[in-house]
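Some structures are shown below for you to check.
Both of the next two complexes hold chain A, though its partner changes from chain B to chain C.
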Partner chain A sequence: MIRTLLLCTALSLPAAADEIWVTNEMDDTVSVIDVTTLEVKATYPTGERPRGVTFSRDFKRLYICASDSDAVQVMDPDTGDILHELPSGEDPEQFVIAPDDRLLYIANEDDAITTVVDTETRKVVAQIDVGVEPEGMGISPDGTLQVTTSETTNMAHWIDTTTHKIVANSLVDSRPRHAEFSPDGQVLWVSSEIGGTVTVFDVETKAEVGKIRFEIPNIRAEKLQPVGMKFSPDATKVFVALGPANHIAVVDAQSYAVERYILVGRRVWHMAISPDQTKLFTTNGVSGDVTVIDLATLEPIKSIKVGRFPWGAAARPTP
Partner chain B sequence: MRLAWSMMALCLWLGSPAMAEALRFDYLERQVTQPPVLSNMSALPEDLGLAGARLGLEDIATTGRFTGIDYWLEVTQVPPEAEFLPAARALLETGARVLIVNAPAADLLALADLPEAQDALIFNIAAPERDLRAEECRANMLHTVPSTAMRADALAQFALWKRWTDVALIAGSYPEDVEFADALRASVLKFGFEIKGEKTWAFDANMRRAASAEVPLFTQDLPDHDLLLVADERGDFARYIAYNTWEPRPLAGSEGVQPRGWSGVVEQHGAAQLQNRFRDLSGREMRATDYAGWAAIAALGEAATRSGAREAEGLRGYLLSGEFRLAGFLGTPLSFRAWNGQMRQPIPLVTERAVVALAPLEGFLHQNSELDTLGFDAPESPCTAFGETR
Partner chain C sequence: MLAHPARAVGAIVTRELRRYLSQRARFLAALVRPLIWLLVFAAGFRAALGLSIIAPYQTYITYETYILPGLCGMILLFSGMQSSLSLVHDRESGAMRLLLTAPLPRWFLLGAKLLAGAVVGLVQVAAFLLIAALYGIKLTWIGVISALPALILCALMLCALGLLLSARVRQLENFAGVMNFVIFPMFFLSTALYPLWKMQESSEFLAWLCRVNPFTHAVELIRFALYGQLNLPALGWTVLALIVFFGLAVWGYEPARSRVSR
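== the complex of A and B ==
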């Protein structure tokens, strides 16, 4: 019965398609992009200064870091309604959801704390003292290790998710903004915005195994500021957003060689890949748009105007 | 809730093993009696500079907790009536070798020239004078406060970018006004335009009452201009010029659009977080001297962490090397000029309420670093104390 109903709904609504959700930091909204038409099909209000954004693993819930509201908001992506807020600690900037779809690890930028919240009981499970201005949040695919990077302490803090204690601290270059585990969980990539580098760690030994530097003709070295990172669907490449250099670097995930640079909008922050794995979407803060890149050709194919200062991005398959 | 977390943080701190290696920095301040200004409502904060250094220490102490370095800051304040040099000498005798100094230029030089200070590393966080970066530079002194030349260059770039190149100048007659006016003249020349007319402010009347009557007349005979520059570094008279000029013209310099090392209105590039931390600590807005104090300590923390150096000489070497990069919340890494020890930094051009522009402005190019379009560049530097580092 339900299946029939769903089928009918799908048939009667031609607009049903995969979506990219983008937070607009200066507009206090999220924009929903239809991946088929590449148009914004909805805009929903959020709390103040939305930045980090992620879906629950079943895509029934959208979590939004409303930094200036000091809240993580939970939105119903079917209606755009805010269902409730989670206790997030002050100034939540980014977070990561555990593979069990239950615990949310939140970076509290103003308080030098990682807050762990149970999304079911809506209670704080743990607070872990980390470095100053925590921001980048990664979690290993098996869920055993969470990594918080602290922008002013310049470290990646490795947190054991069973004990919620720091088990190791790795120094990286200035202002680490993002941490990303490889899909096989073997390596961790950390981007350093002011250092201008990406450091790769072996997860087992926590030892540094690679450092990636960037170079684009006619762009100053100090403008090459790596922030967001995303593994390609086949995990052979890593896309690195270079902030005010307005380019995405395509890095070979094995050799760490930079293969090419793709021109996007101004001040590129973060990325999401379409659920059909054919397109990459980048949020461009200053130009207020999203660049769509064809993953087969690695060419930008369209810019989509969204709200002011788009920051975070998350993908949802056809509802 | 915040209190509870702070308490928790404190407990964790106290609970961590005390196996850390200790590294001492000294904050040395020459307190001066502030000269009177016309307005009765503009006292300088008593912890100006010190609050920034304290925040810097808090920031690096967190890193130190993870890297096993226990930083501490000794604070020495020399009252206005006391002698500075004996106090500085006594401090050096206790082992102080890395000093963050908030003092006038003459005291700074006297300190840097002490035989005991030759192996010390001094950070100038307050004195903007040209000479300290030029003929009177010292190898043991770095500057985290921008020079008047850097600030004046930032303003000249702004005027050129706006195409407001017909400028006039009103300068006060205190030494710092003369210094800033000289820098403005040099900057305007450097960027290829000129000051069309100048007047010196030499009134001692109570302008709070007479400004609307006197200032129109005073500015009436200035040649046509787009922008009126004011050199009034103590904040004495320029505030009474605004809106009282003969022609309706924007002001820049010490009033209006002001080039500053830092200001409470800077918020981009993550600066909001630094501002929040500073306000939580001090209960006021962060000023340029505070930022210079913060930057000195943050730079030292970065150098100690990255280079492994613990002594003044090693720290200095790393800070002046091409390796050093400081995240200073101004959108681009900060570093030190190897030819005179001046910290390279973007200069915000601010009003009371907003950042108008950030220098270097787009289009002002340089073969090495665009930040070197502000202040003394290597080829024109008269400083020789730093050797052949160009």
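== the complex of A and C ==
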């Protein structure tokens, strides 16, 4: 108790701390969570229906998919001011930034297009036709392959980033929502929301190498809807958000066995890991909060109220 | 000077514990009851999706986690009633008369009985918590240690209630009925099974009954203590209930009153 108090006093000094930024889909805001106090320390207005969110590699700019404003907004994370907007095509839902910190790959849900935008010239570099309702966006660590998943076509489209052409399509289960490359770039994980599965592909051969199914006692199978995924810092585990099942599945990255389920808030979507790699933050849309999970014990330690329908999350180290 | 009272307390507590431990069936029954609630009832009852956040919890919890303090309270409640049952038995068999003629103040002897009943209850709670931890309910050492004083206080309060009842009820046969009238309303009209806001949603009156029920405060005291927190109002109400119940029990056991009511 006394230790906690001392800790709190020490932290209430204006010392800067690591942050988690969360987009609130219904409030048109982003909430900034202090990783040490686990409290919301700022809320900034954004465009309409902010969803996907990511930082530039130097953490000087925050990119926000303002879906209903049909724009990707660029925010100064130090002031919360919107610096400018990027052309994004219609209804941008999710995006991924290339390792070169320059090109942004944006999924245009309504147009069945992946738009590639140069963040420096603020111009569209390419538009690639993909399947219907693209959403999940992943990019290989070396930046050579980008993957867009389309919700209605039920495919993962492999895009060569030098030619901006699709080089392969892989069928997955119903309604793929998210694509995540392993940190070593060897495998790609794709989550299928309605199918209730996660499919793992070998990047080299683009062949399916594994399929993960989920099962929680007392929860109906159709509620197990995998969406967001995140590799643990040591890449031995993958955290899979199970949407309305209100749980995060912890999956062994080698054996694909589900090790455990962690109870979080209602309709969990996406996740971010704190820069010091000790905590996982999950956005719980329906309950309007963010659950913090201790990565050492895999126990949920706190749920923090944010805005209405938190959607995306991104981490920023101490500025 | 102190040796005699201490010996008396030691003897009464040891007798009660021995009696309890020799009745293996009673020990099992005391464990089976809360375990059925924990393993069967809670498991099937909206367990998987979590309850909304209320103090002292910081995040979503399973129903099993929620009812754990209530089940600790349930064990103490049953144990308190059972110890009063043994008091009625002692009275019928004449052991009570022997005890009360000891050259020590009556309140002291009854207090020793209270302590004996509480120790028996705490042994059961310890066994229950061990099984719950093995089952996978998250408990911390700090939480369990800080819950110990809360559990002791609640055990004393519920044993005092039993003592009070035993002062009023003369026959063993009547006692079963009294137990049903005390245990069930006390347990169900408390926060042991549902949070207060849930009660409030269905009925203001029920919520009010929950609020005045000392068992609610006992459960909340244990609940907060399990997370290393002190719930001051719950502590106040539990202590008050203990004083009132014990005071009335001592008054009820006054020889003059006993004669009159006989």
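Following the convention adopted for this analysis, the second predicted complex is superposed on the first by the 305 of 319 C-alpha atoms of A that agree within 3 Å, B and C clash if a C-alpha of one lies under 4 Å from a C-alpha of the other, contacts with A are read in each partner's own complex, and residues count from 1 in each chain.
To be clear about the criterion, a residue touches a chain if its C-beta (ideal position, glycine included) is under 8 Å from a C-beta of that chain, and two chains touch if they have at least 3 such contacts.
The structure displayed is predicted, hence computed values, not measured ones.
S.K.: After lining up the shared chain so the two structures overlap, which partner does A:V132 touch, if you call chain B first and chain C second: first, second, both or neither?
M.R.: First partner only.
S.K.: Touching A:G47, do we find chain B (first), chain C (second), both, or neither?
M.R.: neither
S.K.: Applying the touch criterion given at the start, work out whether A:G265 contacts chain B, chain C, both or neither, answering first, second, both or neither.
M.R.: Second partner only, chain C.
S.K.: Could you look at A:R175 and tell me whether it touches chain B, chain C, both or neither (first, second, both, neither)?
M.R.: first
S.K.: Counting only touches as set out at the top, which of chain B and chain C does A:N218 meet: first, second, both, neither?
M.R.: The second partner, chain C, only.
S.K.: Count the residues of chain A touched by chain B and by chain C, then name the partner with the higher count.
M.R.: B
S.K.: With the two structures laid over each other on chain A, which partner does A:D111 touch: chain B (first), chain C (second), both, or neither?
M.R.: It touches chain B, and chain C stays clear.
S.K.: Over in the complex, which chain A residues touch chain B? Could you list them?
M.R.: Against chain B, the touching part of chain A is residues 89-91, 109-113, 127, 129, 131-133, 150-155, 157, 169, 171, 173-175, 193-196, 220, 222-223, 244.
S.K.: Along chain B, where are the residues that touch chain A in the complex?
M.R.: Within the complex, chain B contacts chain A at residues 1-2, 5, 8-9, 12, 58-59, 62-63, 66-67, 270, 273, 276-277, 302, 305, 325-327, 331-333, 369-370.
S.K.: Quick check: in the complex, which residue numbers of chain C touch chain A?
M.R.: 43-44, 47-50, 52-53, 58-62, 138, 228
S.K.: Name, in rising order, each residue of chain A that touches chain C in their complex.
M.R.: The contact residues of chain A facing chain C are 1, 216-219, 245-246, 263-266, 287, 291-292, 299-303.
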